[in-house]
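The structures considered in this document are given below.
Okay, so chain A shows up in both of these, paired with chain B first and chain C after.
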Partner chain A sequence: MKNVTNKQAVPLQKFVATKSRLPKDSSSGLIAYVRQKFFNNLFNSVLSLAVFYLLYILISGALNWAVFDAVWNAANRRECQTLSPNGACWAGVISWFNNLMYGRYESALQWRVNLGAVFGLLWLIPLALNKTPYKTWVFISAILLYPFLAAYLFLGGEIGSEISLFHAFVSAFALAYLLLLYINLGLAYSRLGTLHRPLIGLCQKITRTKAKPLSFTLVWCFLALIIWMVFASYTLSYVPIDRWGGLFLTFIIAGFAITMAIPLGVILALGRRSKLPVIYWLSLLCIELVRSVPLITVLFMSVTLLPLFLPADIEFNKLSQVLVAVCIFAGAYMAENIRGGLQAIPEGQYEAAKTLGLGYWHSMVLIILPQALRMMIPNIMTSFISLLKDTTLVSIIGLFDIMLMARNIANDKAWLGLHTEPLVLISILFFVLCFGMSQYSLNLEKRLKVGH
Partner chain B sequence: MLQRTHNISPSDMPAIQIEGLNKWYGDHHVLKDVSLSINKGEIMVVCGPSGSGKSTLIRCLNQLEAYQEGRVSLFGQALSSDTASTQHINQNIGMVFQNFNLFPHLTVLENCTLGLTWIHKVPEDDAIKEAMVLLDRVGIAHLADRYPGQISGGQQQRVAISRSLAMKPNILLFDEPTSALDPEMVKEVLDVMINLASTGMTMVCVTHEMQFARQVADRVVFMADGEIVEMGPPEQVLMTPKWDRTKEFLEHVL
Partner chain C sequence: MLDNAIEKKPSWMVLGLMHLKRMFNANIFSQTKARGVMIQGVVLSLVLLGVYYLLSNATQNLNQMGMMFGFDFLNATAGFNISWSLLPYDPTMSYWRVFMVGMINTLILSFSVIVVATILGTLIGIMRLSSNPMVAFVARAYVELVRNIPLLIQIIFWFTVVFSTLPSPRQSYMLLDAVVLNNRGLYLPTFELSSQAVWPLIMTVFSLALSVFMHRKNKKNRLKNGKLTTNSYILNVCVYLLLGLSLTLFNQSISWQWPQLTGFNYTGGAFLPAAFGAAFMAMTIYRSASIAETVRAGIQSIDKGQAEAASTIGFSRFQALKLIIIPQAARAIVPPITNAWLATTKDSSLAVAIGFPELVSLFMQTSINQTGRAIEIIAMVMGFYVVVSLLMSYLLNVYNNRVQLKVR
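Our next item is the complex of A and B:
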């Protein structure tokens, strides 16, 4: 800008940056590391030795009980105790393992639960992949379509009965969607040609229509119809909800609560920041009321009090009451997490969105929420983890989740008093699940972090 | 280069007309009876000491700030906070901020195509093409796939300008566009603005870059303590100011 015209008498020297060099290598061998960290002076050496000794006692004791002295094969607890009085009696847990997983679901029909779980995983995998096209729609479909597919598989029932007919109908669409999703995914990864959206192009060709959403819908409906016809010729026998249980039920409750918590939390959080007084006060009331009451109370209320308020002919099963209660509970906590994220977004982002002409919903969905949710991943995941663990509370109101099944082992005549081993197994199971979730959240944070 | 798609009123009508604008923050009177009219195609530079209300003034033009008294009209239509008025503003006015305010979770390209695809409903491929043309014009087409956090301040501000231009506004507001930049990056942003000025865009710039004002401004407005002290062609205001306050300020920035 400034046209400075200083006449230089001496010609300028040319500046060349000094070549960079690497820092000195400070890493040394393992022995040096151990000596420096654990035995750098007398006091620390004594302390280290004491701690090592304690660890040895603890770990060897635990290993002896759980592995070396354990009984894996026995007919009942008495036999366990005669074989090895000081070891764990895993035989009892093993013989009850199936019940711990599926509750009292008939073993001949358990493939349906497994299949449902596989479909659930199939739905989630594309969400974790980077190249998945239309990821938002995959997410929405997972929330809106998958539950019906799962319900159809888990519940079954005559195709003629109303509820099952509806489930089967939506399931046909769900399966058709899943099929198209994977075709699309395959195309995206194989990079057929340079087509931007290969599947939509294909749909347009098949149906000879120009409108993209319409062509997709036509293909989708056609596939759904074929699947529907397959469904109609088979009948899945009915399994009542009170036979569901074990880890299967825990997953249903936790999965439902986790997926519903985000949308519910977003709505409540936005409501609490709303300038409209009615919406603001309703959201505030909802969040504060639910947050100030223990989950057990909410569960009890939903099972015992709710039916009193509803007309006598409306009868909910216990599971759906519990699902509603857990969802509201999770939503209220999530709302506060998300509100924290919303508050952390600088005012400039709102202003920039506004000056671009984005309205309230556009700027929320496209600009503010993606950033707020991203920022809150650690908190959200913490909520999810505690939610997963909290679902074990439903055993108190008599749902046969994994916790209640585990306690039932101790009441079994053959395994009378076998308390510790099932609880240890559950601890390990929950640790694996929760640790997996926290690792996934770390991975998610890393992937979503974009240069700051 | 710049396509004017919106049919606007006859050219003799001012683009923006401000009449008797008054604004208070609590008891603090930040804008005192400001009246000003900005013509179509005019490049106006607003300068003044900090706290003089110049940023507040241009933020009132697109209703980012509410004001208590007075009237702002855009191409003859008085502005309010209702939907029709908001739409009228969004169709005509773009804004470039001091802190760029790019969307950090979107790439440079996505920042520019967002408005096109969601507001103007342009098909994605066309939006990308349009955005690339704009990015090319400000010389950062090669950074289209980067995220805002990965590029320099000067580059970010150029993206912000492209993002505003993508919406094809008739008027661009600049709120101290170079104040947050390192000295070496100021020039690249000013060059883009000078280039833009030559396309006939109506521009209102709050800036301390007096060289820029001298080079491209049609009129310079000097504000102090919430009012317009003097206004006129740059040579007049910057070289031969009539008021002592203006002279004092200019001695500090020039």
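Our next item is the complex of A and C:
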């Protein structure tokens, strides 16, 4: 009894939760992470240590060579070696840097190259903006008009003799288009309509339906005429093509190949999907023949065979021959990419387009190709990257692109035998360009992913 | 009225006109079949016209230069030296021989790159998926670094920076006096077969075949019984004893040739020039990166459950990869890998930049310069690459048909 009463006398204890404790150090935190990931068994531990040691040796060696022991200021290679025998001699690369970028383009005229590059960028910027009207036309003009303007700037020369009249005329139109594009863009952002709006009313008296394009063309022609007069009054001094070189030339070749690859690839891919046997076999032959041989043989072919197969009185420069070869090559590879995209489009899309009454070209351009191209963006970007890398091959047939320029440094008297530093520099350059492009393509792929 | 209307039948002339009008309206372009024929006709005639134009230009130009089209030059004496060739070659031999030498050098370079790059690439692809973050990072860094730098730069880097700065023959690196490495290239020991070696050679081949056979039989037995019987143990030991015996006999009957320093250079043994080494290293590393990506994608395409199931039944990670995952991934891996092999064969043409005597450098550069037969030579070189790629895609098709999932 006593016990019971005693028990009753004890007041009910309130439950007090003990303070929550952190888990043992061994199961969380940095140390545990390291232990679990790097040292969870004997093999992994050895592997980790070996890899760590390897990384340490590589990184410290590279840093010592390239930064800490490097020579930045020297007159020639011997001086470099006396200053620091085990370091990089960046002085040689620095003294050749201008040549690496522009080749043997006169340094007083290099602003023209830069201006051409700026125009190219300006042409591409509106494609990324939301308010740009008629983006398709901007894109098409970038492919069709910009090369003329760029070539006009790079080449220069007297109109009519060193540069053809037609070329200069088209360049004037190209510059006028760019100007008009930016004026209209500015007006669009300030909600003022377009430059040719006042003319629309006038044009409607001539044509009811095509008033807008007509008024635009009128303004365009007017601007082009003004620019043409400027062009005609100032003569840019002539820079022959064999003075072009360095990164500038590499970009010309890669850019030309990239812009030409898509139209050519689309045509070949459509041909290969065609039901007409002649067209099918012709495109198949083109694609497979070009794809099964190395680029260097195509380059050799265009250098040695083009002069043979064309009339003897045509003069060739190596650059145009190389451009032809690279275009064919890029087109064939692009065709296979695009064909992959075309095959991946479900049959229903083709049938739906037909049901809407669209003909072959309409259904291709409006329905199928946009989807196919979007689907193939990663592959297309991959082939652009490999194109950029492949442009180095033109150095084998003697075009002074950045590769040959870099190799040329080792033949310079002051920098005799300086191989490593230029090669490392252009490797870094290509790495940055290609890696950047591949990361951009990953990003693009994520953004353009259309959920089904 | 009605009768009148019936009587007013249109005459045959009117009918004919109406028919003509109908034909005109439904013009010939709107009929798919006719249009197809027309388009093809136009394209074909344009192509033929273009080809005719090019060919007529070519004949005119050739006539002007006083040359003829034909392959008779293949029998002419080449007259130039080739720095390295497996086929016996000397300058008195014909251009046909040069072509053969070029093909064989190209094939040797490509084949050795293919073998090593595939192994290295598979390893790196597996490393890329390692659970150890540092290993995975190193593998990824390797892949990204290697595949974003043009192959040509890498080849020239290996040639001018690595192989040219190796020590001169007198200070060469040696391995057991058998392998010698210096700035001229790599020297390996070889052996010469004599007439005494015939029987040991036959014995070696026979015992090798026997051991392969035994290995297969053992595997079958193990799968059937779960273990090996005593008899088969004894048989195995016998076979390996035989193999060892015949190998020792073979070794005694041949004469080894070691590379030896004579004067300023090494002679004897097999020689691989520095250009071969540079091209081999650069191409192997470059291709291994793309193969690693292929292997990684292939392994990742296999359902995660497969790896988990394998670890559930007690497989180690390595066993799971070897027995469960890679056999399944092979279906996805092999087609891109054959493409990589093909690309390697084409890449070998870049060795022309460092003067390795392969097909393009021997035939497209030197021979065109000497004979001027551009059309014939370019056709032959391209023909070689086309044949190789056709052969490769044929083999791939055969493989695909064999491993295709059999779906009922």
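One rule holds in what follows: the second predicted complex is superposed on the first by the 370 of 452 C-alpha atoms of A that agree within 3 Å, B and C clash if a C-alpha of one lies under 4 Å from a C-alpha of the other, contacts with A are read in each partner's own complex, and residues count from 1 in each chain.
Note that contacts are C-beta pairs under 8 Å (C-beta built on N, C-alpha and C of every residue); 3 or more make two chains touch, one makes a residue touch a chain.
Quick caveat, the model's predicted, so the values are computed rather than measured.
Within the superposed three-chain model, A:Leu366 lies in touch with chain B and out of touch with chain C [touch as defined at top]. When the two structures are aligned on the shared chain, A:Pro85 is found in touch with neither chain B nor chain C. After overlaying the two complexes on the shared chain, residue contacts for A:Pro11 are found with neither chain B nor chain C.
More residues of chain A are touched by C (comparison of chain B with chain C).
Of the two partner chains, chain B is the only one that A:Glu351 touches; chain C does not reach it.
Shared-chain residue A:Phe38: touches chain C; no touch with chain B. By the touch criterion defined above, A:Pro23 reaches neither chain B nor chain C.
In the overlay built on the shared chain, the residue A:Leu423 is in contact with chain C alone; chain B does not reach it. Within the complex, the chain C residues that touch chain A are 36, 39-40, 43-44, 47, 54-55, 57-58, 60-62, 64, 131-135, 138, 144-145, 148-153, 156-157, 160-161, 164, 342, 346-347, 349-350, 352-353, 360, 364-365, 368, 374-375, 378, 381-382, 385-386, 388-390. For chain A in complex with chain B, the touching residues are 1-2, 196, 346, 348-349, 351-358, 362, 366-367, 370-371, 374, 448, 450-452.
Against chain A, the residues of chain B that register as touching in their complex are 62, 64, 87, 90-91, 93-95, 97, 99, 101-105, 114-115, 118-119, 124-125, 146-150, 163-164, 167, 186-187, 190, 209, 211-212.
In the complex of the two chains, the chain A residues touching chain C come out as 37-38, 44, 47-48, 51-52, 54-55, 275-279, 282, 289, 291-297, 300-301, 304-305, 307-312, 385, 389-390, 392-393, 395-396, 403, 407, 410, 419-420, 423, 426-427, 430-431, 434-435, 438.
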